[in-house]
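Alright, structures below, take your time with them.
You will see chain A twice below: alongside chain B first, and alongside chain C after that.
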Partner chain A sequence: MKKISAIIIVLFISVGSYAQNNAIAQLFDQYYEDENFTKVSVSSKMFELFTKIEPGDEDEKEILDAISKLKGLKVLAADSVQDSRKMFNEAVSKVSSNGYEELMEVKDAEEDMKFMIKEDKDVINELVMIVGGKRHFVLISLYGIIDLKNISKLSKSMNIKGMEYLKNVDGKDHK
Partner chain B sequence: MKEMDELKKKYWKGRTDRDEERSLKNRPFSHDTTHVEDIYFQYLNEKKNEKINFPDFDVEIIRKIKGQQGEQRFISKIGYWRLAAAVIILITAGILFFNNQSGTQTSAPPPENLVLTDTYNDPEKAFEETKKALLFISNKLNKGTELTSEFAKFSETQENLKKEN
Partner chain C sequence: MKNLIILLFALLIFGCDTRDSITRFSEDNHMDREYYVYPSTLRMINLEQNEDFNELIEDLVKGRYFSIEKKAESKELIDGLRADLVEEGFEEVMTFHNSKADAGVYILDARAPRIAAIIELENEYNVIDVEGMLNVTKIPQLLENFDDEKFLNIIDITQRDKNKHRVEQHTQNKQPD
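Moving on, here comes the complex of A and B:
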């Protein structure tokens, strides 16, 4: 009987962690058909191709440097959803049960945001950012070797406001 | 007859062996014997020849034995069910565990299970999109760190004020 209980416990744990592993994939699947969402996915193959791009100016060079060690990117964004806060909470709870460590959380009147990472020997190899505003929701997940300093430098040098990202992606016909 | 009397005496003393006892019981008795001892031996002889034949008893015993075997089979059936269930659970757990293992392996640097298809076929467009995403992250990251550094400055000033006072 003890053996059977042990087996059942192991089964539940494995089922649990199996489900957890797919938390981000699940979120993308969940909103895949929803036309309110912009879905962007860039594979490691594409990142390899980026290395062949000739940098046009200094800014682009900096960006190319920052992405040179990245392996994948996924974006899920919407700027006019009713229950964005609820979605934010749902996404946070799904992702945090996925073994991600919280890096930073910022809450203000405008929006809530959360940065979560997965580290291996002091190297960040996954970064998930979830933003939930009054009507907007953004989830970006980044894979590869992630240098936060490098990424943080980008906007300082280019001085682009974050919300412009949403304005830019909105209305485009994406897959 | 004298020999018989000797045997009888020996019998009552409990010293007769089996052959002697048999000769005491198996000798021809006269039907109208009045001798108590003879009646007794005659009775013993008759009883010995009587066969025990209780059909119900046999049936009962056989039924019980069969029943027990049936129970045993039932128990072994439960055993097999348990075994089968345990094997199924183990296999399922194993499959899930190894899937999970391979899942974590691929979800380390390049999680191909997540990045299945490219949204863009044109690297230029994909690059533009990546650039935007990175800038967005960067901007938000700085927003957070700026707040943190402001707070750090604030607490530093507070500490300094405390020291001055």
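Moving on, here comes the complex of A and C:
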């Protein structure tokens, strides 16, 4: 009986984590055929390749260390959509109902920006950035082992606008 | 017996196509124009010798670019090239898709890594083949200070040369006998 309960618990956990991964996948699938959207997907192999670079100084070493721990990056972006706010709200509600914790929110006249993370044993293994503007919408999912201390440096190397806001968030202070 | 061994070796060497997928593709399909760039070329276009740019390209061995016009048969050719790259050991590491372009980036993880990209635009396919590595840690500084007027647009110059050549040819053809 104990064994069966354990199996059921493991099954529930697996289904739960599958559903979490599915929240981002669902959003990408939902807009995949929509010609207004740009879709980018980068695999871990791309990041692995950067470990071959010899760092010149401590700053470069930190960037390369952070890059080497990444497993993937997905971007979904549109710069001319009518219902971007609706998309933003829908994406935020889908992601937050799937076990992602809110890390930070930035609001101004132009756009709303939300950063959400998924943790496992104090290790951040996914960072999601959702942006909704007047006509634009962006969803970025960065996964692997994420070090928030280096994320803003990393975002500069990847030219990800918005992630510079994370420069003041320390890995220990986000809770 | 000696002649037979020589013949077998000769058959083995000539029978094996040792060219890489992109070279085979460009040679078999007779590309009319290919661009090759080397670190020296890139240092040359860096008019003001931007140090970050020079460091970005210091481990680059060679880059090659060509394009193929979209025709009925070109999709099949490009699909064949994609399959050949995978067979050669390249791995697809990045995809990009929007209404204007569809791109795939492939990496061959060798001692000198190779990066290949196939970019599908409205009227053409572009193929890029890079041997060596780009020092990505230099990108932040480069982006902060990048000014494209300080770089020579080498493709634009060669295209201008190509267009000039076309105009000259057209004028010559129109001249009365």
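Rule of thumb we're sticking to: the second predicted complex is superposed on the first by the 119 of 175 C-alpha atoms of A that agree within 3 Å, B and C clash if a C-alpha of one lies under 4 Å from a C-alpha of the other, contacts with A are read in each partner's own complex, and residues count from 1 in each chain.
Heads up, the rule we're going with is that a residue touches a chain if its C-beta (ideal position, glycine included) is under 8 Å from a C-beta of that chain, and two chains touch if they have at least 3 such contacts.
A quick note: this is a predicted structure, and the numbers were derived from the prediction, not measured.
Of the two partner chains placed by the overlay, only chain B lies in contact with A:Ala66; chain C stays clear of it. Contacts of A:Gly56 after superposition: chain C is touched, whereas chain B is not reached. By the document's definition of touching, of the two partners only chain B reaches A:Met104; chain C does not. Looking at the shared chain after the overlay, A:Glu33 reaches neither chain B nor chain C. Among chain B and chain C, the chain that touches a larger number of residues in chain A is B.
When the shared chain is aligned, chain B comes close enough to touch A:Ile151, but chain C does not.
In the superposition on chain A, A:Met113 makes contact with chain B only, while chain C stays out of contact range. Contact with chain B, but none with chain C, is seen for A:Met129 once the two complexes are overlaid on the shared chain. In the superposed model, A:Ile140 lies in contact with chain B only, and not with chain C.
Taken together, the two structures place residues 39-43, 45-46, 49-50, 52-53, 60, 63, 67, 153, 156 of chain A in contact with chain B in one case and with chain C in the other. Put simply, chain C touches chain A in their complex at residues 55, 59, 91-99, 105, 107, 109, 113, 133, 135-137, 139-140, 143.
On the side of chain B, the complex with chain A involves touching residues 82, 85-86, 89-90, 92-93, 96-97, 99-100, 103-104, 107-120, 123-124, 126-127, 129-145, 147-148. Those residues of chain A that touch chain C in the complex are listed here as 35-43, 45-46, 48-50, 52-53, 55-56, 59-60, 63-64, 67, 153, 156-157, 159. Residue ranges on chain A touching chain B, taken from their complex, read 3-4, 7-8, 10-11, 14-15, 17-18, 21-22, 24-25, 28, 39-47, 49-50, 52-53, 60, 63, 66-67, 70-75, 104-106, 113, 115, 120, 125-127, 129, 131, 138, 140-145, 148, 151-156, 158, 160-162, 165-166, 168-169, 174-175.
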